[in-house]
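Presented below are the structures under discussion, each in the form of structure tokens.
One chain, chain A, appears in both complexes that follow, with chain B as partner in the first and chain C in the second.
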Partner chain A sequence: MRRYPVLAALGVLAAAMLFPFVIVTFNAFKTPAEYSSGQPLSPPHGLNLDGIITFWTRVDFGEKLWNSFMISGSVAVLAVVLSVLNAYALGIGRVRGRLSILVVFLVANTLPQEALVYPLYYLAKEAGLYDSKLAIIIIFTVIQAAFGTYLLSAVLGQFPREILEAARMDGAGRFTALWRIVVPISRPTLSVLVIFFFIWTWNEFFLPLIFLISNDNQTVPVALGVLQGEREMDATTSSASALLGIVPAVAFFLIFQRTLTRGVTVGAIK
Partner chain B sequence: MATESKRGRGGGYYLYLLPSAVLFTAVIVVPFLMNLGTSFTRWSGVGTARWVGLENYARLFADERFWTSFRNNVALIVAMAIIPTVLGLVLAAALFDHIGKRFGSRTASALRAAYYLPQVLPVAVAGVVWGWMLHPSYGAINKIFGLEADWLGDPDLALATVMTVMVWFQLGYPVVIFMAGLQRADPALHEAAEIDGASWWRRFWHITIPQIRPEIFVVLLTCTIAALKVFGPIFVLTRGGPGNATMVPSYFSYLNFFQKANVGYGSAIATVLAIIIVAVTCLFLLFQEREA
Partner chain C sequence: MIKLRCAAALAAGALALAACGSGAQEQPSASPGQPRTLKLWHYESADGAMGKAWDAAIKKFESTHPGVTVKFEAKGFEQIQKTASMVLNSDQAPDIMEYNKGNATAGLLSKQGLLTDLSEEAGKRGWDKLLSASLATTAKYDDRGIMGSGKWYGVPNYGEYVMVYYNKEMFEKNGVTVPTTFEEFTAALDKFAKAGITPISNAGAEYPAQQIFYQLALSKASRAWIDSYELYKGKVDFHGPEFTYAADTLADWVKKGYIAKNSAGIKAEDMAVAFMAGKFPIMVSGSWWYGRLQTQLKKFDWGTFLWPGNQFAPGSSGNIWVVPEKSANKDLAYDFIDITMSKEIQNLLGNSGGVPVAADPAAITDAKSKELIDNFNKLTSQDALAFYPDWPAPGYYDVLVAGVQSLINGSKPPAKVLDEIAQPYNDNLADLGN
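Here is the complex of A and B:
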């Protein structure tokens, strides 16, 4: 310890940061009796799945996972499509007024959802889309595409002109050039965007909380957030619910780690 | 072909903006203007809205609850932007110069991953994790330390507790960004200063910080905006309570929209919040422009 004071201090901090993850995991697998008689810090005696099963069946967690997956997946793909179309016009087409158009996208991205929520709620009700996944998919497609357009326009602004020129000589129209040349060459950037949009949408809480009120439509964070602190939840069931929220998020992080660490600095512009 | 090139640059490309033009109008522009419009009315959400001019704004500036919510928001800016930036700078520099060089980059990456892990959680799930750990009767924290504190229910503790949770949640983001920035920076300057006998703190202050100034700007801006928008953790942990101890503008507007049916008043709060966020963004960008 004395020889490595800095390492020791940083190690203690790391332990503190990981502490909640460890505590949640340990206690999600205990029986209520084991929890109340023992220390939360001690590992469970066995793998007791009661808490997890109770919570899983109570909220139909499989359904919540599917809802989150469906919504985030659709948004990720649609928002990238929309971003590519915009960025093609702004970055490669260099349409007139592109700077002011970009500013509009940037402002749209920074606006708080609170300043849009009530009219969106009202309009969705009028259109019969309230409490539907479709409404949330449309809204987040637009919000994510605002960021995607901003980022991708800068990337496509650097696109090698000679390649496009060569394609034009060969008789490729604009759409062909986009679909056959720009999209395949920008694949790495586009896949980073798909992953980001997926995770950002998965993590959203405010608008899904308001729009997805029926149980059948709720996403994972909404289902967990709404049930938090409910009276009938005992300690181990609460712990299990937290663990069920952690697992998919950490899984995405591990699966996409390399893309994400490369992309986090890109995402910083957000 | 010929006709296409004659149309000149730009012409046909507008077509590609059409889907977004329609969707953005419907999802962003119209709702934003409607929100602005309703902020000048008294409306319960059903029936007709009554025009009241600036009454909601006048009421807002006289409302003690509104000012409390902004004071709490400043506290959350400290917890989500200032503290993580300062701590993140020290941690990133320590990991990069000290740990990375003396114990290998694997140790540095492992520590960085540990600090970053809370950031991968949906913020509402982070709230669920802590809500359970801080539960007054069966929570793990009280049980481990033999305490009986009501962390989120005691008006004197609630804000500090939420701030601590947010520091935990936010810290990894600046560490990762700053470490990436340090990798970009030129090591020669650092080495020269070290040979000249400059202490670690002096090098940190005079070399490291100026080198990653752009990253510091980005982190401060994004974290401040995130703090101004904070909703999930407040909803999950405290619902703004006890009393108004953890009330923030975004939750205050939600309350007026969806629980009190004061849509006009809620719209005014949301509009003020939007103006502040856009103003903060512009200020940062202007400042950055001048520095560059």
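Here is the complex of A and C:
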């Protein structure tokens, strides 16, 4: 009997969450004239794909998808590798001053990106990496790894010592212990991190906007910004682009849904 | 499962390597005989008037410059706003780009030495003669980066101005004719209000409301007052007749129901959509809506007129072409600007719903476009473009939005609102050392 109020509340919440998506979907399929003469909230009269096609060809969306995928994929993997190496030294190796190192990582994590823009811009320019995807991959690998290190150090700090002892008895070196013991055992945590890093990097807007100047380097969120004019707003094409922009994220979520939900529980170490 | 994950990791690693390889960019070469590339950026929509005209200009440029290809990239307004100074300071700068006119944008970049001085070209190619005084204001910047005098740093291709859009059907149904004097205009507003219709579609959360406020101030203003206010050529009294009249009248119009009280929270897009849906007979806004109304508004017949009784109207040149100092192909960039100023391209801009600055009026065939351009030419021939109220100080846009919102809400008396908008203006003057 107690289930129904909860279900009703969840239903209301889901409706509230889905409402903006419904509006976007409605307007994505309207003609501009239909949008202007009617209510933004009314459903479209027919399926008009012009908005989506215009947007796709205008920004060469396939290329943007590939760019986003390449950048987010590289960052996710590299950042996790870097985090594991750092966390192995901090959490299991227990290097001296690890607490202060972690505090530095945490502070670096809370820095607003706006504060980083100019230093990063000059560094990238000096290194000849301005306007290249590599610059964004390096920057986000470091930014994400700062968080990853912080999180993984805490997880590995709790790593059962006995297993490592046993491994050492069997003649495993430090690297073997990391690769054969620590990584396989913490794999659930690591795969969650990969997915988080991928989604976070995918959604990044500000730094890619600054660093990816050429259109052929741009990512999906930056490409969505192309439609915003100074005064005019093309509501139907914007809706179409928003729809195209969220589809990959939703697809990604559906594919990795199981890993993500498992990730919620790995924080609680048995 | 494990194998699959390893494969995924390898694939991602390979991606990272692929990304490394594509970092390098070929540099444009300036030696003669070599194929050259003109890197061009703008942020106008492809099917708008400027988009169409500039597309034609690119084709014409390529046909008159064999061996040169134009590498055009469509940019977003925000990206250019946020990154221009960084891009122009690097070797990734384009050879020519569209940029925002104004002290805080083009003025600032010119002060930083990032833009090429176009004075010589403007004289040699006659751009200075094609552009009337109030249009050239936004093309010239002095050493402090303040517009109105000094060297040419940009060339505008199009203009914009604020007018009154009206719904012909609603006018007819309520027995209202197009007003020619301010008295007739208020009488018309009154007639609608008495009939239970709020006459003006307004948006207090964005620029439209402050442009109505500015129109009212302009009805009492002289060119000297505008130059004082916009170009710091004299002192502006915020409690003088111009602004006092504007603030009092706007507050009064809300009381009389000419402007809806709830319009304080409405955005420009919604204002235009409400007008297009036939909910209001009048919309006071800029020429930037014109093309959209032409193509999308089929529901009723509409027309425009200049704010009745005013000599001046808010308006200016549009955004400008600038040539970055680091451009490797300045000669090509000048040629391209010259093509965009040619009659052919200017006429196309006019026939596509834009406001050309140097078109041949006889070549504008579309009746609606002709009305738009005739009104604009009337303004420029009288030197009557009064710029926009938010130009004088950085961040002044938000000050005016807040001020005019309090007038619409009636939350503050007009005199107090004027004090509030005077403060940041005078602070900015002090910063400039005036």
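Convention: the second predicted complex is superposed on the first by the 214 of 270 C-alpha atoms of A that agree within 3 Å, B and C clash if a C-alpha of one lies under 4 Å from a C-alpha of the other, contacts with A are read in each partner's own complex, and residues count from 1 in each chain.
Assume a residue touches a chain if its C-beta (ideal position, glycine included) is under 8 Å from a C-beta of that chain, and two chains touch if they have at least 3 such contacts.
If you're wondering where the values come from, they're calculated on a predicted model, not measured in any experiment.
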Of the two partners chain B and chain C, more of chain A gets touched by chain B
- Classify the contacts of A:Arg96 with the two partner chains as first (chain B alone), second (chain C alone), both, or neither. first
Could you tell me if A:Asn215 is touching chain B, chain C, both of them or neither one (first, second, both, neither)?
second
Exercise for the section: Using the touch definition from the top, say if A:Leu129 reaches chain B (first), chain C (second), both or neither. Expected result: second
Examine A:Ser74 and indicate which partner it touches, taking first as chain B and second as chain C; both and neither are also allowed.
-> second
Go through the superposed model and pick first if A:Ser36 touches only chain B, second if only chain C, both, or neither. both
*Name the contact category of A:Ile137: first (chain B only), second (chain C only), both, or neither.*
second
Practice problem: Answer with first, second, both or neither: which of chain B and chain C does A:Gly171 touch in the superposed model? | Solution: first
The intersection of the chain A residues contacting chain B with those contacting chain C is 35-36, 39-40, 121, 209-210, 222, 225, 228-229, 234-235
Chain A contacts chain C in the complex at 32-33, 35-40, 58-59, 69-71, 73-74, 76-78, 121, 125, 128-135, 137, 191, 209-210, 213-215, 217, 222, 225-235
Chain B residues touching chain A in their complex are 1, 4, 9-10, 12-17, 19-20, 23-24, 26-28, 30-32, 34-35, 38, 45, 91, 94-95, 98-99, 103, 107, 110-111, 114-115, 117-118, 120-125, 127-133, 135, 138-140, 143-144, 168, 171-173, 176-177, 180, 215, 218-219, 222, 225, 228-229, 231-232, 235-236, 249-250, 253-254, 257-258, 263, 266-267, 269-271, 273-274, 277-278, 281
As the complex stands, chain A meets chain B at residues 6-7, 10-11, 13-15, 17-18, 20-21, 23-24, 27, 35-36, 39-41, 82, 85-86, 88-90, 92-96, 101, 104, 107-108, 110-123, 138-139, 141-143, 145-146, 149, 168, 171, 173-174, 178, 202-206, 209-210, 220-222, 224-225, 228-229, 234-235, 238-239, 241-242, 245-246, 249-250, 252-253, 261, 264-265, 268-270
Per the touch rule, the chain C residues reaching chain A in their complex are 5, 9, 11-13, 15-16, 18-20, 22-25, 43-46, 48, 73-79, 82-83, 86-87, 89-90, 92, 100, 207, 268-269, 272-273, 276-277, 286, 288-289, 292, 295-299, 319
